[in-house]
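Next, two complexes with subunit A in common: one pairs it with subunit B, the other with subunit C.
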Partner chain A sequence: MRYDQHVLPNGLTIVGEYNEDAQSVAIGFFTRTGSRDETPELSGVSHFLEHMMFKGSERRSAEEVDLEFDAMGARYNAFTSEENTVYYGAVLPEFQERLIDLLADMLRPSLRQDDFDTEKKVILEEIAMYKDRPQFTVYILARETYHHGHPLGNSVLGSTESITALQRDQMMDYFRRRYAPNNMVVTLTGKYDWNAAVAQIEQTCGGWAQGDSSRTVTEPDALPLERMQPDPKRDRVYLCAVAPAPSAQDDARYAAEVLAEVLGGGEGSRLYWALVHPGIADSADMSYSEQDGAGAFFVSATCDPERTTEVIDLLRSTLATAQNDGMSDDEIARARRKLASALVLRAETPMGRLVTVGFDYVYRRRIEPLAETVDKLLAVATDDVDALLRPKPFDKLTLVGYGPLAEAS
Partner chain B sequence: MPQPIQTFQLDNGLTVVVEPMPHLRSAAFTLLLPAGSATDPDGQSGAAQLVNGMVYRGAGERDARALSNALDDLGVQRGGGVGVEYTTHSGALLADDLEAALALYADIARRPLLPEAELDAERALALQAIQSLNDNPTQRLFVELAKVYFPGPFGRSTLGEVDELQRIDHAALQADHAARYQPGGGVLTVAGGVEPERVREIAERLFGDWQGSPPPTPQPQARTEPHYQHLQQATNQTQIAVAYPSLTLDDPDYYHERLALNVLSGGMASRLFTEVRTKRGLVYSVFAGPRLYKGLGLVLSYAGTQPERAQECIDVLLGELRRVSEGVTEDELARARTGLLAALVMQGESTGARASAMASDLFLIGRPRSLDEIRGAVDAITLDSLNRYLRQHPAHDFAVLTLGPAPVEITSNV
Partner chain C sequence: MRYDQHVLPNGLTIVGEYNEDAQSVAIGFFTRTGSRDETPELSGVSHFLEHMMFKGSERRSAEEVDLEFDAMGARYNAFTSEENTVYYGAVLPEFQERLIDLLADMLRPSLRQDDFDTEKKVILEEIAMYKDRPQFTVYILARETYHHGHPLGNSVLGSTESITALQRDQMMDYFRRRYAPNNMVVTLTGKYDWNAAVAQIEQTCGGWAQGDSSRTVTEPDALPLERMQPDPKRDRVYLCAVAPAPSAQDDARYAAEVLAEVLGGGEGSRLYWALVHPGIADSADMSYSEQDGAGAFFVSATCDPERTTEVIDLLRSTLATAQNDGMSDDEIARARRKLASALVLRAETPMGRLVTVGFDYVYRRRIEPLAETVDKLLAVATDDVDALLRPKPFDKLTLVGYGPLAEAS
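What follows is the complex of A and B.
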């Protein structure tokens, strides 16, 4: 592995992790913008705009964008979160230049009115699709409840109402503010030609004008809330709980990964033994989510409606026991090992590294070599995890339930 | 560059296949046993699912917790699950620990404790998975579509049936494990930073003295006439699924069919995405893809749309599925070819993807396909040969299933 970095005069940063043994190159344009950067009347605009980027520029129609991706045999997509929007593709190395040309061109979109109107229907379909997915519904409710007014609780998709009301000119204005080169990072992983990439990006994107795309970063005021949202149409109960965790800029994030793995990293975790192994709930997981200035632990579980109270009690007591009594060295060692192994396996492919490398730079302005991340994970000690538990984060657990709760005892 | 794949046949019928990827420190494996829902004992639909869960509740010298800890100590990323024709137990980890991991999986497959005290817990998980179906309309749609398309054992849900799961007692579970977890017809694939000869030795030592064969899997029998059925459910989107006959992986025309499917549903420029989503905004998700069984192939297609647009959506979808028989363009063929081959090259970078793809090939056609073989077959297809094939083999006998607040009209079903 080799690490590369270059900053253009307009602030656009290009970073790379080169892998001689790879057979493909993955390229992503990372923009530091998402639903947390939206005002209520713009709710959902980041994600809708992400769709619109595929609808063409001055140089290309929507059809020509799709045709160009497919002519390269690219694996490609884009995603929007609360704080990042990422456009990416993986191709054989011979197509590096064409992929950069296409992604860079897409990110100066025309936002034509007829494309806007048609794509609005697709967004409304996507919102309808997620309404049929209760795991997603409860996650959104939990985010909103936990953040109670903090922008990290904003919905990425927006609502049927906000999307219906959104106008093309509002989107264009948002685009101009947020897609400034000083708010973007281009990431390459795999077998790339660095000098060619830098020269091409400089030529294509060097003229993009800087802008003020700042973001106010505050910590949410975590509170021990509980919210039960009945929906008689559901057959099962979906639980999601949120607690404060280290931010993406905090070195304690490695310990946070280990903590979440011990408690809820699937089979072999404490929540698994307490809830899934005995058949009380059919899933119970926990994950750590790094975010700009404020991280969070997410716990989720699914169960029969009649067992809701029992599952909530077990979930809470599992977290409380960890918080009061700490964790054993053995558990910590196993969790470290699982996480390190997962990281190495994901790194087999350029695509598997792209988002990790890109977010490294977006959040921390530094690419951490894979070997260093592995070492840091393997160095997490029981004391480091204890230090996270000492302020009692689970005393501020926000818990949300969704499903046929009238039947719950 | 890809190294040659090596195949070793053990005397007991287990085939061992190894793809060395010398630049990687990681390795992945798949142990495939022909124990799927199609061979669940009569009246015990869901048996393979129960066995699959129970084998992890202790094996060899270890109880459930010791086994789980041993896997985690090795950093094994666990995978696998129950399908219609087989169950897979798979994992990925650092290559240095492969031997220790395979020793644990030999215990899991051959010497599970199947503790009677834990059967009800495992059953509770299986029942909850079935209970979840109404809350996952797309999953429910495909479970029901299989029932519509395959009147016999291939239509059974891999999740099982509530009343039949409740009937499986501990003796039945033990008997089923003894009958179906057998090396005959099984496959062990390994891909990654490993020496093929060394893997053969390990496999011989861990699995060589295992003897027996599972009951044969019946030949899949599909419905052979057009069919439409609607399931009433108050969903936000109407779920649309279409199944129709296609080719098996060892059919000489398979790659014609595969390329045609890429024209229909490869990337965003493919026909379904363009016509159903890009031009009309009818869906977020639409696709068609191959579903391969041993001795039978079909195409599965899906679209999800809000009820007021379901009629337009299915009209456009079926229209596109039919229209392929009128032929594709040179550009479409070129994109389909490039897309298929690029996806294969990228699959070749991942140990897990390779171990899984080789296991599937072994089961379906008895040997792994190399990248060169597929490239040769795909390059041999011309626009003329593809369009001739499509003209002679129009999509036909659609089995259509919708799920949502209201049915649709199927205007003309071939």
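What follows is the complex of A and C.
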């Protein structure tokens, strides 16, 4: 592995993790903007704009964008979250230049009024479609409830109302502000040609004008809220709970990963044994999510409506027991080995490494070599997890239920 | 790449694709049994049995199975389909012996009555949970309608009734018949130690008794059926259509992949441009599925209930146009390049290659090297696709709709 970095005069940063043995190159344009950076009237604009990037530029129509990806046989995609909008692809090394050319061109979109109007319908369909996905609905409700007014609770999709009202000029203005080179990081992983990449990106993106790279970062005020949202159209009850956790900049994040793994990292976790193994719930998982200045633990479960109270009680008592009694050395050792190994296996391909490397730089201005991350994970001790539990994060658990809830529950 | 094969005296076949450059080993136990091999009273037993394999053997409790996977840091899983039940994992090369030991031990399960009773509840929860997943519901309905009585239409999950009625003895009998060494293939990919693997598998599985490896293979009688299943609880309408396609043993399967890619392989496909790009449907995809003795094309789409008729008409006319007028050389060239490239990128890891290699052997008794598959895909000509369209497969399209359908539609 070799690490590369170069900053263009306009602030665009290019970083790379070079792997001589890889068979492919993965390239991503990471933009540090998402729903947390939106005002209420712009709700959903980051995600809508992500779609628009595929609709063509001065040089390409939407069809030509698709054709060009296909001509390279690229695996490609894009995603928008609360904090980031990322466009990426993986190709065989001989297509590096074409992939950079395409991604850089897409990110200076035409935002034609026709395309904007058509794509607005697509986004509205997507919002409607997600209403039929209860796991998603409960997650959105839980984020919103837990953050109660904090921008990290903003919905990525936006609402039917906000998208309907959104105008092309507002999107254009948001684009100019946020898709500024000083708010973006280009990440390369795998078998790339560094000098060629830097020269090409300088030529293509060196003229992009600087803009706004600010973000309001405050900690959400976590409270032990409970919200039950009845929907008789669902067959199961969906639960999602949120609790405070270390931020993306906090070294305690390795311990947070281990803690979530012990409690809800699939089969063998405490929540699995308490809820899924005995057939009380359909599923029960926990994960840790790093965010700028504030992390969160997410717990989710689905169950038979009749067992809602039982599942909520078991979920709460499982977390409370961990918080009061801590965890055993064996559990910690097993979880950290499992996490470290999963990390190594995922890192086998440039595409598997791209988002980790990109986010390392976006959040912490430094790419952490895989071996170092593994060492840090394997060094997590029972004391480190205890230190996370001492402030009793689960006393501030926000819990949301969604589905055919009885009046009583 | 090097290819290995060894057959034990009891019929258990071991195959491997060795890759010196890989960082890991992937190992899978492929059992040629699934819902198509079930009688109505056994409906769902293959999938239920797959769950039971994780519940322990003479040597291990369920918890010890999970602990052992975690101790290796394995990525592992299992799946049951209409035709196969597969147990697999990927680990760093030093854990090869432990992973083989664990998988082989799991596949001689205790099937304890207690565990059977508990897991039955888990399966019933899973069936209930899938009722809240309309994409899944419409797919099951479409398979059932298209096959109308043919065993390939059997549900993998089974029904609440069949699972409730199922007894441990029936499962034990099914297990003895179908999990016979002459009905299984052990597949290894990546950086494995072949001699050690063969010696260990011979020692561990060499004493397994032979059983029933038969399967009734006939072609389904495809008919142009239409079935509309109203469910006012859904917010969107879900469509799934099925048409006849080449079998897993037919060399025309490469052309079938290309055909499905042109019509519905994501952005840039004909269905995408007809339905998704203009905002008429939320999604529209097509895929080709190879099966023993009979393949199928699957088309799926979701839309606003008010646009159901429009979407069905466009879907049908898109397929009819292709069938009547064929496809252009450009479209074919683009689709085959895209498929070939996706194949190469997926093959970068042993885990990404495992199921392809295993199914190659299960269906065709030969592992096709990646380079050969790529050559065959790139050799698909417009004539080959025309040959598939000439018998007019879409005249036999079975179409199923599910959701809040108006009386009229």
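Assume the second predicted complex is superposed on the first by the 406 of 409 C-alpha atoms of A that agree within 3 Å, B and C clash if a C-alpha of one lies under 4 Å from a C-alpha of the other, contacts with A are read in each partner's own complex, and residues count from 1 in each chain.
In the analysis below, contacts are C-beta pairs under 8 Å (C-beta built on N, C-alpha and C of every residue); 3 or more make two chains touch, one makes a residue touch a chain.
Keep in mind that what you see is a predicted model, and the values were worked out from it rather than measured.
*Asks:* In the superposed model on subunit A, is it clash or fit for subunit B and subunit C?
*Replies:* Clash - subunit B and subunit C, as placed by superposing on subunit A, overlap.
*Asks:* For A:P278, decide between first (touching subunit B), second (touching subunit C), both and neither.
*Replies:* both
*Asks:* Looking at A:R337, would you say it contacts subunit B, subunit C, both, or neither? Reply first, second, both or neither.
*Replies:* both
*Asks:* For subunit A, which residues lie in the overlap of the subunit B contacts and the subunit C contacts?
*Replies:* After superposing on chain A, subunit A residues 21-24, 54, 62-63, 66-67, 69-75, 90-92, 118-122, 124-126, 128-129, 131-132, 134, 233-236, 267-268, 273, 276-279, 281-282, 302-304, 334-335, 337-338, 340-342, 344-345, 348-349, 351-352 contact both subunit B and subunit C.
*Asks:* Where on subunit B does subunit A make contact in their complex?
*Replies:* Residues 23-26, 28, 56, 64-65, 68-69, 71-78, 92-94, 120-125, 128-129, 131-132, 134-138, 234-237, 266-270, 273-274, 277-285, 304-306, 331, 334-335, 338-343, 345-346, 348-352.
*Asks:* Of all residues in subunit C, which touch subunit A in the complex?
*Replies:* The contact residues of subunit C facing subunit A are 21-24, 54, 62-63, 66-67, 69-75, 90-92, 118-122, 124-126, 128-129, 131-132, 134, 233-236, 267-268, 273, 276-279, 281-283, 302-304, 334-335, 337-338, 340-342, 344-345, 348-349, 351-352.
*Asks:* If you look only at subunit A, which of its residues touch subunit B in the complex?
*Replies:* For this pair, the touching residues of subunit A are 21-24, 54, 62-63, 65-67, 69-76, 90-92, 118-122, 124-126, 128-129, 131-134, 233-236, 266-268, 273, 276-282, 302-304, 330, 333-335, 337-338, 340-342, 344-345, 348-352.
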